[in-house]
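My questions will all concern the structure given below.
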Amino acid sequence: MATTTGPGLREAPVKPGAGPATGTRRRVLRALRRDRGAMLSATFLLLVIGMAIAAPLITTLTGSGPDTLDPNAINPNLGGAPLGGLGGISLAHPFGVEPDTGRDLLARIAYGARVSFLIALSATVLTTTLGVVFGMLAGFFHGWVDQVISRLMDFLWAFPSLIFMIAILSALPQGNRPLLLVIVLSLFGWPYLGRVIRGQTLGLTEREFVQAARVSGAKTRDLIFREILPNLRNTVIVIATLSVPGYVGTEAALSFLGVGVVPPTPSWGQMISGSLEWYQVDPMYFVVPGGFLFLTVLSLTVFGDRLRRALDAGEVG
Amino acid sequence: MPRYIAGRLLGLVCILLAICFFTFAIFFWLSPDPALAVCGKTCTPLRISEIRQALGLGQPFVTQFWDYVRGIFAGRDYGSGADLVHCSAPCLGYSFQSSQNVWQMITQRLPVTVTVAAGAAVLWLLIGIIAGVISGVREGTWWDRAAMFVTLGGASIPSYVLALVLQFVLVVKLQWLPFPGNVGFLPDPGLWFESYLMPWIVLALGYACLYARLTRSNVIDTMSENFMRTARAKGLPPGLILRRHALRPALTPVVTIFGMDFAGLLGGALIVETVFGLNGLGQLTEQAIASNDQPVIMGVTLLAAAFTVIGNLVVDILYTYLDPRVRITAS
Amino acid sequence: MSGLLEVDNLKVTIGGQDVVRDSSFAVDAGDTLGIVGESGSGKSMTALAVMGLLPRGARASGSVRFDGQELLGRTDRQLRALRGDAVSMIFQDPLSSLNPYYTVGLQIEETYLAHRGGKRAVARRLAVDALAEVGIPEPQERRRHFPHQFSGGQRQRIMIAMALICGPKLLIADEPTTALDVTVQAQVLKLLARLQAETGTGLLFISHDLAVISQIAHRVVVMRDGEQVEYATTEEAFCAPKHPYTRALLEAIPRIDEVS
């Protein structure tokens, strides 16, 4: 994963709305339904999210939780490698088992999905809120408000975020790890959206329909909520959607390095890290979480990209 | 123009100070006693208090911070008498765990990281931009669609996953490349190249895909600009139209993006170096974090931040030369 | 006597839709033909068809003869030799029609160099002369300036200079004054008229503004929805229009002595 801001965010941001917001939800949904890439990724995502939500149910069904040791599934003579081919896939363990402990991979993937999505979605919500609020304040009020907020964004943006996140997380005591991750990810993530929103708000406040509303005596609050915010909607949707894969990837990277989600909570990054010493003997232990991570990030990015295209198509002409 | 640069340099110093302050504060409040980390295994309360003295840990926060900043410009002494350690400017701290000046530790590891980063940058710029231009010019053709499909995938692979896959396939199974190691350029440039090839690919792939998509998007936008129509109406040969009229507007924004990315490379290098076992700055940082060697963490963070901010400034100045509309005219 | 440009039964189709239906007209050397109509009437498409610059997916049929040679069906390479040299075109928005990254001097010179070759210095001198011809003050200095450093009217003059540098026989102007102030408009029209008189270039002038057309055109084509509804001399068209649409257009012009 190249950057902490995620694969899809680099491309040109969505153009802001051209006036009073038009009802586009149905059109966008229709466009998405017709797009094969969007449908495939959406299907995969629903599957994974379903797995995450139903994790306790899955555990009950298979009888193995994420931490249930199963010594019968591993071969002590081979140093703890899983019995059977493909990393120990069997009816009892549809995705195989973890070497050495025999823990069920399906359960660990499902619970890992929980953690990843929880963190990524929470961070996205927090980042979007902060970005929109501060971006709009800066773009709307100009003056010293803009100066202060812009300096703050520059300051946070200048941080070598990955290094700093690693440093902070390793320095912090064990506590509610996911919560800490969300806070740290959001702290360095919101300036990107903030900058974009600020730019678009600046542009919008100069436009005729906002000037017209202002001149006809509209209150500030109405201006913000009725004229500006609706026209930022598409940009916010696209950036929020495309932030999620970035956060999934960053959380996985941090967990891989040992500073993100720490045991006993399972996480895909953690599992990949653990698979390093086994990948010659049991490559499946690497393939399963690695594959899930890759496909999840890919699906999120493809979906976000198609969504952006569908939204963009509406605003033109 | 000089006034603009001076202003930006001032802002740069302010931001760096702020980052320094913030980082310092975080470690001050949050991390466990650094004296303990230094003390190591044979720890007695007496030794701990000696270390605290030497590091000046009893002082109030502001004093400690001020000492640190001063040390950056003027050098600094730690401890006293027989234990005196002098850290000459620029003193980014002294690592008691490794008994080394942090700046020294950084400069020792820097060449490896620069090799990894610079090589990757060349790779991703070449591949990304060329692929992006071809895609943009041939919009809608099978090449374009295939490229966009591939780049989406390539940008989604976590670098450590890619690293392990490549290593497994290229080194273990096919044995086409050696395990990446710390090989100097001499005496065997061929081996040097082979050793760094995988780290370069891993670091570059994600960026190359992003740049290909970005360049393609810019080229497509540029091709639909009115001045392209004018160029065609003038009967200019297509090659000239592409080279002169399309590439400048399309590639100039890529420069800005590159500035941002190059500065942020340290984070990516950290992961790559960790996975491949290269002893560059990234690995140094990883080890420092694992052993809670605060001076090193502090020093590296500051350095990376400086890179980011300076990189942004360089890019902004470069941009004023590249885009005539932005140029700060004397009129 | 063959005219400079002869268009017969021109039809332009885009995506199944006819945007120009059966258009026929001629432009002689030294003459000005005005094509007038509302947006979407097909006037710009006609011009692009002549230049061979139709958008991707557009098809043109019929006959377009320039200097006796048929243009439709020629390869792009053959047409390129004519564009900018024998036939030039200027567009509506001069700011976006000039490349902001290069000096105006370069953009004029490159046209000359592409068609005539030769030395840079020669092209440079000709460009400076061209800038002077169209009324840009201090042309030696200003040829090193960028498009955004000029006013709207000056930019259009630069476009004209760029179009005339190779001495074309036909100049096509697509709404060249629409984006300009009225006073600047008049200056540009005067410039065009003067240059035409001096060089004997044929002018195909497209506009939606009847007043402008009446000032500059000898003959007029009126278009509506791709259909050519009127083709006559300016006098005939404006004083005794045959088609009701033309009449309606004329009536729509607000007059200062009307009170309603």
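Chains: A, B and C, in written order; residue numbering restarts at 1 for each.
Definition applied: contacts are C-beta pairs under 8 Å (C-beta built on N, C-alpha and C of every residue); 3 or more make two chains touch, one makes a residue touch a chain.
Treat the numbers as computed from the prediction; the structure is a model and nothing was measured.
S.K.: Going by the touch rule set out above, what shape does the chain contact graph take here: line, ring, star, complete or other?
M.R.: line
S.K.: Looking at contacts between chains, which pair has the highest count of C-beta pairs?
M.R.: A-B
S.K.: Could you please state the distance in Å, as a whole number, between where the Cα atoms of chain B are centred and where those of chain C are centred?
M.R.: 53
S.K.: Quick check: how many Å separate the C-alpha centres of chain A and chain B?
M.R.: 23
S.K.: What are the residue numbers in chain C that touch two or more other chains?
M.R.: Residues of chain C never touch two or more of the other chains.
S.K.: For the complex, which residues does chain B have touching chain C?
M.R.: Touching chain C: residues 225-227, 229-237, 240, 244-245, 248-249, 252, 322-325 of chain B.
S.K.: Under the definition above, what is the set of chain B residues touching chain A in their complex?
M.R.: 15, 18-19, 23, 26-27, 30-31, 152-153, 155-161, 164-165, 168, 172, 205-207, 209-210, 213-214, 217, 221, 257, 261, 263-264, 266-268, 270-271, 274, 285-286, 289-290, 292, 297, 300-301, 304-305, 307-309, 312
S.K.: Sort out for me which residues of chain A touch chain B in the complex.
M.R.: Per the stated touch rule, the residues are 1-4, 7-8, 10-12, 154-155, 158-164, 166-168, 170-172, 245, 249, 252-253, 256-259, 272, 275-276, 279-280, 283, 286, 290, 293-294, 297-298, 301-302, 305.
S.K.: Residues of chain C touching chain B in their complex?
M.R.: 51, 53, 79-85, 88-89, 91, 93, 96-102, 110-111, 114-115, 146, 148, 159, 162
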